[in-house]
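Next up: some structures, all given as structure tokens.
Next, two complexes with chain A in common: one pairs it with chain B, the other with chain C.
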Partner chain A sequence: MTLQKSFSRRRFLGQSTLAGAGAAASVMSLDILKSEAFSKQLKQKGKRVLLLWLAGGVSQLETFDPKPGRLTGGPFQAIQTAVPGVEISELMPKMAMRLKHTAIIRSLNTKIGDHGGGSRLMHLGRRDEPNLSYPDMGSVMARELGRLDSKVPDYVTFYTATEGRGNAVGHPGFLGSRYAPMFLTTDNKPQNLRRLETISDLDHRERADLRRVLSARFSQGRVSPVLGSHNVAYGRVRGLMSSEALFDITREPKSIQDKYGPTLFAQQTLVARRLIEAGTPFVKVSRAWWDSHGQNFETHLEMVTELDHVMSTLLDDLQERGLLEDTLVITLSEFGRTPTINGSLGRDHFARAWSATLSGCGIRGGTVFGSTDEDGQHVKDGEVGAAELFATIYAAVGIDPHHEYYVGSRPVPLVDVGTEVISEVLA
Partner chain B sequence: MAEIGPKFFKEVKQISRDDILLRISHQKSMQSVYVGSSDAKIYSVDPMADKPEFHEFKGHTSYVMGLVDTEKHLVSGSYDRSLIWWDKESREIVRRVEDAHDRWIRNMFLSPDGQTVLSVGDDMVCKLWDAESGELVRELVSHQKITPNHFPNMLYATAVSPDGNLIATVDRIAKIKIWDFKTGEEVTEFEAPKCYTWDPKKRIHSIGGIRSVCFSPDSKSVAVGGIGPIGNIDHLESPGRVEIFNVASGEKTHEFEGDKKVIGLVEQIVFHPSGKWLMAVGGKHTGWVQFLDLEKKEVIRQFDVPMHVHQVAVTDDFSTVYGAGHGKLIVWSMVN
Partner chain C sequence: MRLSQSIILLALGFVPLSMVHGETLIQDVVDSLLDAKMQQVNITAAPVADDYNILRRTTLDLIGRIPTSAEVDRYVTSEDSDKREQMVDQLLQSPAYQKHLAYDLNLLLSPAGNNELQSYLELAVTQRRGWDQMFRAMLLGDYEDELERQAMKFVKLRVKDLDNLTNATSSLFFGVNISCAKCHDHPLVIEWTQAHFYGMKSFFNRLFENGDFVGEREYGALKYQTTDGEQLDAQMMFLSGKAIEEPQWTSPDAEKQKAEKKQLEQLAKDKQPVPVPQYSRRAQLLDIALRGDDRSYFSKSIVNRLWYRTFGYGLVMPLDQMHPSNPASHPKLLDFLAQDMSDHGYDLTRLIRGLVLTQAYARSSRYDGETRPPQMWFAVANVKPLTPQQYAAALLFGARNPSQFVSEDVVKAQAEIDSVHAQARTLAVKFDVPSDEFQVSVDEALLFSNDAALEKDLLANREDRLIGELMILSTDAEVVATASKSIMNRPVTKQEQRVMMKYLKHRKDRREAAVIQLVWALLTSSEVRFNY
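Let's look at the complex of A and B:
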């Protein structure tokens, strides 16, 4: 099986120009990240994506598609946002003031209402196929937006809660392990990133040389994209080892740490911003677990309050650094929650009419696309699925959603054939 | 003379509705009740009528979470943060206190002398209001606004002791505070930590809290209700829980944990005037009514009921119990 990608002028130019930015994004020169000049330079170079993965299924009714005054609407009121005529839940007063950066898509119908299937769909943008392993959004972004010579990881994902973690594992599929994520689960810093104290730096280098020699010998006469990807991944080890400082938020001014706040989600989002600023093209911060079958309103009072603070702080921070224009911030779950409220004052799984948001890079802020009926039970206008959402996400960061990879001789489009982008939310 | 007691507990009537009935108050002079609804309205209804009619009071904009009858007025509180004094006959608004609390109003209580209305909200303040004039009399402030894990705390319920000397308030992180009614000074604090589950690993949020509080008839003890530690906090899958404390010593004197039939939140506790037993109600998807013997420290009787019970109103002679719950209004009798 061979993997090729159709020729892309944008990619060729991107690699040429971005190579020069490698030194600037070097982890060893992190202090210059604070300079406005660097932020401007980065802004010219590349696009970034930061996915806030709201695992377990956040309620659209308690966030971006409130239904005040209806029995399905729950107890929370809707509040006016900075965009005339657009209201969101009262649990999000900070985001309400910043909605000019954000497009809301209120008309997702993704049909899959179980955690595993829904998560898979909303990571791949399409359903699995038995004989082809598709890459997830992060791996595609790592390939399309990453730099070949990058010393920073190009796909980092945080998932600290244990519930649902197995549903949200990054998956490079046919792109190969070069585009697999650095998957952080137990700490905000990568485990085992440092060289063992029992191994000298020289020894470490020589071991890498030996591995390279043996690998080259093994590769002789073999044609395998997987093997090639594996070797490229190993080749980046020493660069990644030097990126440890990016995960250390104590290097941020205390005022910035205080702005984000003390929760795990907030701290990981601050790390994500540091990674984005240093050139990592895709970071996923998972906030689990939203699966409020019981006590939906207490759970959402806790967690949406946190989401509102963290998301608004992130958007402010990116904007102040001049990065928002080139950074797409996504909020996404595997599905939404039922408008019907059950006896435990909970909401159950609901994939028929729910919401996601896109902010920043390539997005026409303040837009609301699609709508649901007055009780939120069905999509009323603009029904879209995972494919349209993914096509729009790719388009927002400058990737042609219709270009094709080749797996062997088989052309594989980034999104399913015939999928249209949601042009209304694109700038 | 007819006998009255838990062993005679039985359903008399059930009325189904589309909304969630969250609060209930019994009109002592009549066979009717007021109910507070998730549709933001209050209704008066005679549930025993052949064709019960729900007469609406319109004024709130969110769930009605507090309802007390001062005889002269009906007073309600809501997640919309406002308190409303109503004319019971005309169902018109007499007085509205907008932003009575900075956040959701969770519950209300009427002092035994009928002179003071108490309200609690997620601003973590218990407020005392003159029942007649609606003037704010006092604020009780000391519950933490933020939980130890940096999330909003919630102040769920309050009660006044029958002798009128003490106030109890209870919150999400399972703190019980006792206050001097006359001075507003905080007297003491207890904890029922098993009622609050913080999950730091699997799901990274919390569930539970103390949802109900009631003083014993002699005012010497305070009972609190909630739910025990939960493994999977997506659901209310843990036994309902009642704990009783001696107010003077702080000693926990009773601890009742429900069995597999009593799963979910204890939403309300009502002492029998004898002080020998109490009634606890609540549930998860459906509900239950439980009677607990305080001398033997054992369950007298417990009943599955077809709705999560949010609140009950009991007649003075304990002959009739009116229950407000998820999609239903139910009348139970305790008369032989």
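Let's look at the complex of A and C:
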């Protein structure tokens, strides 16, 4: 397979680090400044994405699409938000006050109602195919928004709970391991970022230099992309090690730590904000496990309250730092939950009519797109699927969703052919 | 058969010396056809690689590890004119060859991360079963036969998703990825239509999982919808476009279905296989795929895959796009090798042996000319990333005390080698399986840079490790030479020696640390990460 992408900003900027780039680089650099492609690339510059992955399936009725007073509505009320005419669940009073940054999409019909299949779909934006391994959203963002020689990790994902973790694994697919996530499961710090005590910092650096010299001799006359990737990977080690401090929230002022609060989800979101601020283009923080087949309302009372606090703190923090304009915050699950309340006072898997939110970068805040019927059983208008949602997410951060990668001779568009962006929610 | 080979060779004006004795050698045909093409496109091949390089390359490719220092010495000092052939035959006869081939075949045939087929493949390779026999066993193995029962994992692991089973079979055995034709006629290949996809799927549509086994029904049709919305009945159809008529069948009535269900439940409970029906659609696929002209899909695909495994690039690329609009770089050569395969009972080892004995295989991977020739001409060897198993073995062997593998007692020395080789499996899980467009991940570089367990494993100052041996050497020059030979399987160059000795000299005050760092830099160098 060959993977081509013409006029990529990183290919262009990163030429010097890639063995075998050859003389084409200088020729291209003359033209590229004038090209339309380059100005498009500028739009992507500095854009970042923070995904709050609500694993197990959050209830739309207890969050962004309440149905108070209906049989399906449950015990919680709806409250007025800062946007006239828009109501959300009373479990989200803080977000209600900040809804001017957020667009709600209430009309997702994604059809897949099992955790594994639903998670894959909401990671890839399309269904799996047996003989082509698609990249997930994070890997696409890492490639499109990151820098090849980045000193910060360009795709970080947190998933501490064990339930559902296997469903939410990021996967670079045909984009290759360069865009694989740093996957944090046990700790808030990634593995192998810290130098062992058995070696001094000077020796650690100089043995890497020795390695580089020996490998450079070997690379002479043997130019190939895979060989180049080996040395690029080692070339990033020291830079990434210096990013270790980003994972340490004790370096934040106490006031900020207190604002986020002591929960693991809150702390990981704070790490995510630190990474975003340092230039990491994509971070996913997972909060599990929303799968409330029983006791849905107790579960959501606790977890939505936390989500409301963390999400609103995050939006405030990003805004105060001037980052919200360039950072897209997404809330997403593998599916929603049934309006019908089951015998155990639970709600079951429901992919037919549910919600997601987009806040910040590129988003027309305060909009609500689509609606469900009065019991929330069906989409009433504006039905969209995973493809439309992903196209919209890409468009919000300046990536053309109809851009095509080439896998061999086969063009592979970022989202399935014929997909339209939900322009109503875009700024 | 011999006649057809001779015709090809004569058409090229080429008569190898060996033909005087009546036998055409694969390696001669390959080289003559590659050379002819290079001449045609005016490309000069890279020079032949040195003995060190050839030994390392062949050992890695055939048995999945690097040679020991003693093996290096033995090979390079030998003055036998046919030492390369002897070395190849010795490797091919070792149990490690069978294990390594089975490992690679499993990577190819199993879904990612699964090795349930490996034990079958290892036995099949050991018994030198033909690829056609393996194909039969994997698709329609006899559950009464313990070995074939394991082979049926190929289907079992995919039977829940028949689209996947159809595609995997078509891609892996026939070199044809027809997944694009599932929803619409293939956009690039006019030969492949939806009728082909559903025609291929029809061979499998009666399969189902029953307990630990895969069963097949005697009835059941497959319908599909065209892009125009028309509902059609699929008919069994091979890739060549040949449709297959089948005897009349009827769906059982409700009562019979109930009885069948009960019977299946009982079989599952008793852990018994479902009997194969009298008329099996799967069996039709095996028949047509291995018959007459239709067999060329099967033959060419395995040739192309083994070629890719050997040379790091296929005669047809991508490997699953072997169709008329994507011809081979050397069509005559592919035809010849496919014919040879089918004439010799699909003996994988015969082809592998022929390929590693070519001059093309022995070329250097280094090209100092102005423009590196495109891979498709095989004028210069490719740099291939090691599989997890190969890389783990390269690291473990490189980091051992080389004298450990030397003994008067040949059996004992071999046992030591086998023992270290077996440990590679544990270390291998830390590395990614290379794909066509492989990139080394930064996680791997971080692992080597900062992981305590890996450091303990590879860089311990112990008697049985390289570091232990290096620490008792008296001069830096010896340290550098011994380490380089153990890890890179070759003598050190002057320039390398200068750099490494300078490194050691600057750390006179902390010699042990210096030696450990030197070994680290060698182990993590690109030369060790690749087969070149």
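Here, the second predicted complex is superposed on the first by the 351 of 427 C-alpha atoms of A that agree within 3 Å, B and C clash if a C-alpha of one lies under 4 Å from a C-alpha of the other, contacts with A are read in each partner's own complex, and residues count from 1 in each chain.
By our rule, contacts are C-beta pairs under 8 Å (C-beta built on N, C-alpha and C of every residue); 3 or more make two chains touch, one makes a residue touch a chain.
Keep in mind it's a predicted model, so treat the numbers as computed, not measured.
In the superposition on chain A, the chain among chain B and chain C reaching more residues of chain A is C.
By the document's definition of touching, of the two partners only chain B reaches A:G69; chain C does not. Applying the stated contact rule after C-alpha superposition, one finds that A:M303 touches chain B and leaves chain C untouched. Looking at the shared chain after the overlay, A:D373 reaches neither chain B nor chain C.
In the superposition on chain A, contact is made by A:S409 with chain C only, not with chain B.
In the superposition on chain A, contact is made by A:G261 with chain B only, not with chain C. Once the two complexes are overlaid on the shared chain, A:E383 sits clear of chain B and of chain C alike. Every residue of chain C that touches chain A in the complex is listed here, in rising order: 161, 163-164, 167-168, 171, 177, 179-180, 188, 317-318, 320-321, 326, 365-368, 372, 382-383, 385, 432, 434-447, 449-452, 455, 493, 495-496, 499-500, 503, 507, 513, 517-518, 520-522, 524-527, 529-530, 532.
Only residues 56, 68-69, 71, 75-77, 160-163, 261-265, 287-289, 291-295, 298-299, 301-303, 305-306, 341-346 of chain A touch chain B when the two sit together in their complex.
Per the touch definition, chain B reaches chain A in the complex via residues 18-20, 38-40, 61-63, 79-80, 104, 122, 149-152, 154, 172, 201-207, 209, 234-237, 264, 283-287, 307-308, 326-327.
Those residues of chain A that touch chain C in the shared complex are 1-3, 129-132, 153, 174, 176-178, 180, 182, 191-196, 198-199, 203-204, 206-208, 210-211, 213-215, 217-227, 229-234, 236-237, 240-241, 408-410.
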